[in-house]
Amino acid sequence: MGHNSFGSALTVTTFGESHGEGLGVVIDGIEAGIKLDCGAIQTEMDRRRPGSNPLGTKRNEKDTVTILSGLYQGLTTGTPLTLVLFNNDQHSSDYVELEKVYRPGHADWTFEQKFGIRDVRGGGRSSGRETSARVAAGAVARQVLESKGIKIFAGTVQVGSVVAEQRNWEESDNFLRCPDRSAAVKMEALIEQVRSEQDSIGGIIECRAQGVPAGLGEPVFDKLDALLAHALMSIGAVKGVQIGDGFSCASMRGSQCNDQRDRNGFLSNHAGGILGGISSGQEIILQAAVKPTPSISLKQKTVDTDNCERILEIKGRHDPCICPRAVVVVESMVALTLLDLFYCAFGRQK
Amino acid sequence: MGHNSFGSALTVTTFGESHGEGLGVVIDGIEAGIKLDCGAIQTEMDRRRPGSNPLGTKRNEKDTVTILSGLYQGLTTGTPLTLVLFNNDQHSSDYVELEKVYRPGHADWTFEQKFGIRDVRGGGRSSGRETSARVAAGAVARQVLESKGIKIFAGTVQVGSVVAEQRNWEESDNFLRCPDRSAAVKMEALIEQVRSEQDSIGGIIECRAQGVPAGLGEPVFDKLDALLAHALMSIGAVKGVQIGDGFSCASMRGSQCNDQRDRNGFLSNHAGGILGGISSGQEIILQAAVKPTPSISLKQKTVDTDNCERILEIKGRHDPCICPRAVVVVESMVALTLLDLFYCAFGRQK
Amino acid sequence: MGHNSFGSALTVTTFGESHGEGLGVVIDGIEAGIKLDCGAIQTEMDRRRPGSNPLGTKRNEKDTVTILSGLYQGLTTGTPLTLVLFNNDQHSSDYVELEKVYRPGHADWTFEQKFGIRDVRGGGRSSGRETSARVAAGAVARQVLESKGIKIFAGTVQVGSVVAEQRNWEESDNFLRCPDRSAAVKMEALIEQVRSEQDSIGGIIECRAQGVPAGLGEPVFDKLDALLAHALMSIGAVKGVQIGDGFSCASMRGSQCNDQRDRNGFLSNHAGGILGGISSGQEIILQAAVKPTPSISLKQKTVDTDNCERILEIKGRHDPCICPRAVVVVESMVALTLLDLFYCAFGRQK
Amino acid sequence: MGHNSFGSALTVTTFGESHGEGLGVVIDGIEAGIKLDCGAIQTEMDRRRPGSNPLGTKRNEKDTVTILSGLYQGLTTGTPLTLVLFNNDQHSSDYVELEKVYRPGHADWTFEQKFGIRDVRGGGRSSGRETSARVAAGAVARQVLESKGIKIFAGTVQVGSVVAEQRNWEESDNFLRCPDRSAAVKMEALIEQVRSEQDSIGGIIECRAQGVPAGLGEPVFDKLDALLAHALMSIGAVKGVQIGDGFSCASMRGSQCNDQRDRNGFLSNHAGGILGGISSGQEIILQAAVKPTPSISLKQKTVDTDNCERILEIKGRHDPCICPRAVVVVESMVALTLLDLFYCAFGRQK
């Protein structure tokens, strides 16, 4: 399978660079006969879009989805569904000065080591903009999952040292989708402060999936949690993934961590809805650690392609915290993983 | 690809149950002409073996590796290398009483939901014993990697609330492979205490890979960190994975987290040796959160297959902390991932 | 892997329907730094294009390739190369009358059985037009192969009962690419006659690959000949594939069929350049049987979607023999297969 | 996916060499709860076994299947089913004299080119004995298919110039499984004559699958016919594959080749039960061209590993025509392909 593809029974392949002609995704394996709500796809795109929230960059990209294939009279045909975002407004000139410099925290150095060549315009293929294609695919997957009673949502639960203590998801109508209103206010204030200091900050996103039937995932290498970890860690900003109690398990006893049962079902959900790599029918709970945006205006030491030392100050419009926009990317990757496993288990033909 | 397989250019497929005829692994893609040191494979097996350390179970399984195929006159042939561990000493009778009960923290419930059938003997396919086949494959991969100058080692860096402050890897000659001798002593004491309380405890394992060339991994879905997360999260006991600073990134600033450079190279390694999903040539550093062993002797609430409530006390010989034995499993999965990517990049023919 | 993808180390994924917005291909795995000759890609497209030869349909589609991604300053970047053919001139109205009828020899019936839905416009995804995306990908693969000294060419060697007796490839500058000039004249006359009778006719295409190094292909399921058979049989019109002496082997003795050797190499090439599934360094020779175009104007019995019997006369502009245009599709599939195996063996990084 | 694996939703991986410790197969993806008839597996093994028919070699291998994993209380568990054939009676010494010589028509030369090393004992991995593992897997797949009403059978329809004119499958109770009794007698006489001349001869095997539901296969690269061609061409002796009318299509008109319909269904089956790569619900019909056994006692020119010219006379016990034993291998590969596609379409969980 190509390295730009994800999934087995449902395979998504993304293509395109930040400042090329366009980005897109081929979704191969969606069942036929699904009525797509194109407006709902666009709504998800807008959640990821730069400029969509006051906490982030002022860049304003229009991520308008064009459907190239796979839809006939509004219904999926069972053949590849291709969604494209044409790039209209590329400020490639912004990047001329970066052409010969390796930006700290970016893939500039490693790309050049691997390929011997590098598309300097906005990071090329390693740009966060690649995730727009995933969100488009995820929006489709979520529509199909919803028709099966599966619902996915995520929110920011930590920014810097501000931690959400509550999980009041009905309060998550803030820009961070934080399920704790008072924490959200503090997080927003912290992000503003960090921005004023020309720096950036990290956070943690939590995602939940409800209505997942028991039995998804495979016992060994393709455990549901292994595939979810693969999915989330393939997002550039993510440096850690945990399921259920995750790293907290390190300091727990078995008697605390095991989910006991009575006749009405499980008495707790420390496992995050997955046992032995297979969904248990409980809510699936996972978290992703998001690193601070590497593009900051503070001075940084680096070298150029001639290995001469340089002091770099990155100009332009960057997000001081990527969490508000990454929430929908996390939801998308979880949706693609779950729909893939659903088709693996139950097929896609009636 | 089968759900019991892992890898792309190098594919390993494990098979077998805890108490069946045997377990094994087919390793497909190893280059031809490698002289295998079978003694070294057995040494790795012994590290994972129950009864190999005084901290764990007193069960004493003999994990003797038989090579069924792929070796001719001591050299790999380039065709599938198959290693089998025949089960000699199965105490299936131990499990008769568990036949109708779902053990908390185990895959009993989810297996039955998925397959409608369950091998009750020692967890069948979901037993930790399946990882012995991975260790056998990992031992082969490590020999090949070492011939390319790549070295992998891991150790326990947390048990309960005891955290290793040092990374003196030359001190890791203890049962936990902990790189901090004084922490190791406290960890061992804690494990003994937990055992005496008929409970179990979790921990954190850290793994490092040295000598990895820059350029391994792919920019999007098959990022090196995504594949490593998949690999480690496919180990039953692992509930979280982090690369470099991992979850600590949530409370860091970009100015702290970015690895700056001068003409001699990177000035830090917060990224854990991976940038944009591609190895940078620095040391690769990752951690796995290990949950407490679910098999404990303390009383637990559960139900049986008729959904009648039951109080369970698991007898027998179980590890109060699985970290000492899981260290080599973590090393093995990292080795298999790296060799796979090495072959993806550079091929396996001369 | 998605069902619309082909290949392992080099994966091509095609998308799009005959009369949708466009067709395209994502080529994942091409090495970085290859200078693409876009004019040469267009030349191959023109060979497949309807209206490109006087023997075929008078429809005149413009197959202009747009490169959406993967190229920077004229060089491949190592990331997905996406080529798109936008459909400008869709006569969907031509197909309204076919909407409710199953055309004999077409996929209309089976598509509807599988997907419960059917894009009636020009066959949708099952249209021969899908192969234009393969030709675009094949043109890229051929450029890379040529840089490695591997050359691929094909021609028509049979139409109806007219068989090419010669293999004078320098004579293949006719519309059928037939390597026997006198046979070509007879074939063309036969095609004209069949057209005047409102019927169609089949043929055989032979393909050769020169300069293929020994060692490509794998010993068991991924034999070079198995992958080539998969590749060619995935072309809609192809109903048979043979390697070297192929079906003639049925009536041969071992003493005739075996390729003996002396110190200068093989003394014959009955095997078609492949032994035990692995290339021998000899010329690779294979043939594909091409069925008569199913769209004919003669009256045919069929049923409509209400299972009422109908007499069908297909109007419009169809090729009486698809061989002239299928030659380049065969070459393309062979090229994609060989480059995939080349990367499998030798990697794609320097 | 590993190169020694076949299939997608159902993946089989074979391992082992002709004269190593054993051969085997891991079958990953069989649904749980199937009651396996082990005697029926053994019956299929015996059909392929050397010495099973008077037309072939007098070697008498006992192919006794051992089930290593995946079965519990006689039922499949949904986890990998592993079948092994231990080699007891290896006459490796027979091959000492062949150690330094490349046998014409065998993979000796190409293996050494690819791997730089060669297991000389009986061809190692490229031995026809590898197909015994496929027959074991195929026997399992056929049991599952039969429970779904799908029946597969094959027979020899040509040996040398003797062609079966009839398809009276009830007459196929001869060693060649030839569905034409009078042709069978002539074929057997021809094989005896060839044997007496120390030569070998080729043939054609036809396979049919009944009860296959409409809708299996995918429209583009994973066409049912493409996967079947891949499957059959992966058998070492097969040099050509055709579906339905196959190569005869080359000399047919569209008006002859198209399968017309009336309200009761198709009026003919020139397509062999597959339209546009998807099963039509008709009988599936395909043929494989089998080359003459390359091991003959007649003198042949070859070279040794020092490139010195040698005259080779292969001694030992070889089949003058491999068709009688290859019939069951063809059936097995068709069964594995169909069950894989069945699971792709409909899943394997209830």
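Labels A, B, C and D are assigned to the chains in the order they are written; within every chain, residues are numbered from 1.
Going forward, a contact is a pair of C-beta atoms (placed from the backbone, for glycine too) under 8 Å apart; a residue touches a chain by one contact, two chains touch by 3 or more.
What you see is a predicted model; the values in this text were computed from it and never measured.
Chemist: Counting C-beta pairs in contact, does B-C beat C-D or the other way around?
Modeler: Result: the pair with more contacts is C-D.
Chemist: Which chain is most remote from chain D in terms of Cα centres?
Modeler: It is A.
Chemist: If you average the Cα atoms of chain B and of chain D to get two centres, how far apart are those centres in Å?
Modeler: Each chain's C-alpha centroid was found; their separation is 39 Å.
Chemist: Between chain C and chain D, what is the separation of their C-alpha centroids in Å?
Modeler: The separation of the two C-alpha centroids amounts to 27 Å.
Chemist: Go ahead and note the Å separation of the Cα centroids belonging to chain B and chain C.
Modeler: The answer is 46 Å.
Chemist: Quick check: what residues of chain C touch more than one other chain, meaning two or more?
Modeler: Those would be 1, 3-5, 8, 14, 79, 114, 125, 215, 219, 344-345, 349.
Chemist: Tell me, which parts of chain A touch chain C in their complex?
Modeler: Touching chain C: residues 1-5, 7-8, 11, 13-17, 20-24, 26, 28-29, 32-33, 66-72, 75, 77-80, 82, 84, 114-119, 121, 124-125, 349-350 of chain A.
Chemist: Taking the complex as given, what residues does chain A use to touch chain B?
Modeler: Within the complex, chain A contacts chain B at residues 1, 3-6, 8, 14, 102, 104-107, 109-111, 113-114, 125-126, 130, 158-161, 194, 199-204, 214-215, 217-223, 225-234, 236, 239-263, 267, 271-272, 274-281, 289-296, 298, 300-303, 307-309, 344-345.
Chemist: Taking the complex as given, what residues does chain B use to touch chain C?
Modeler: 8-9, 79, 215, 219-220, 343-349
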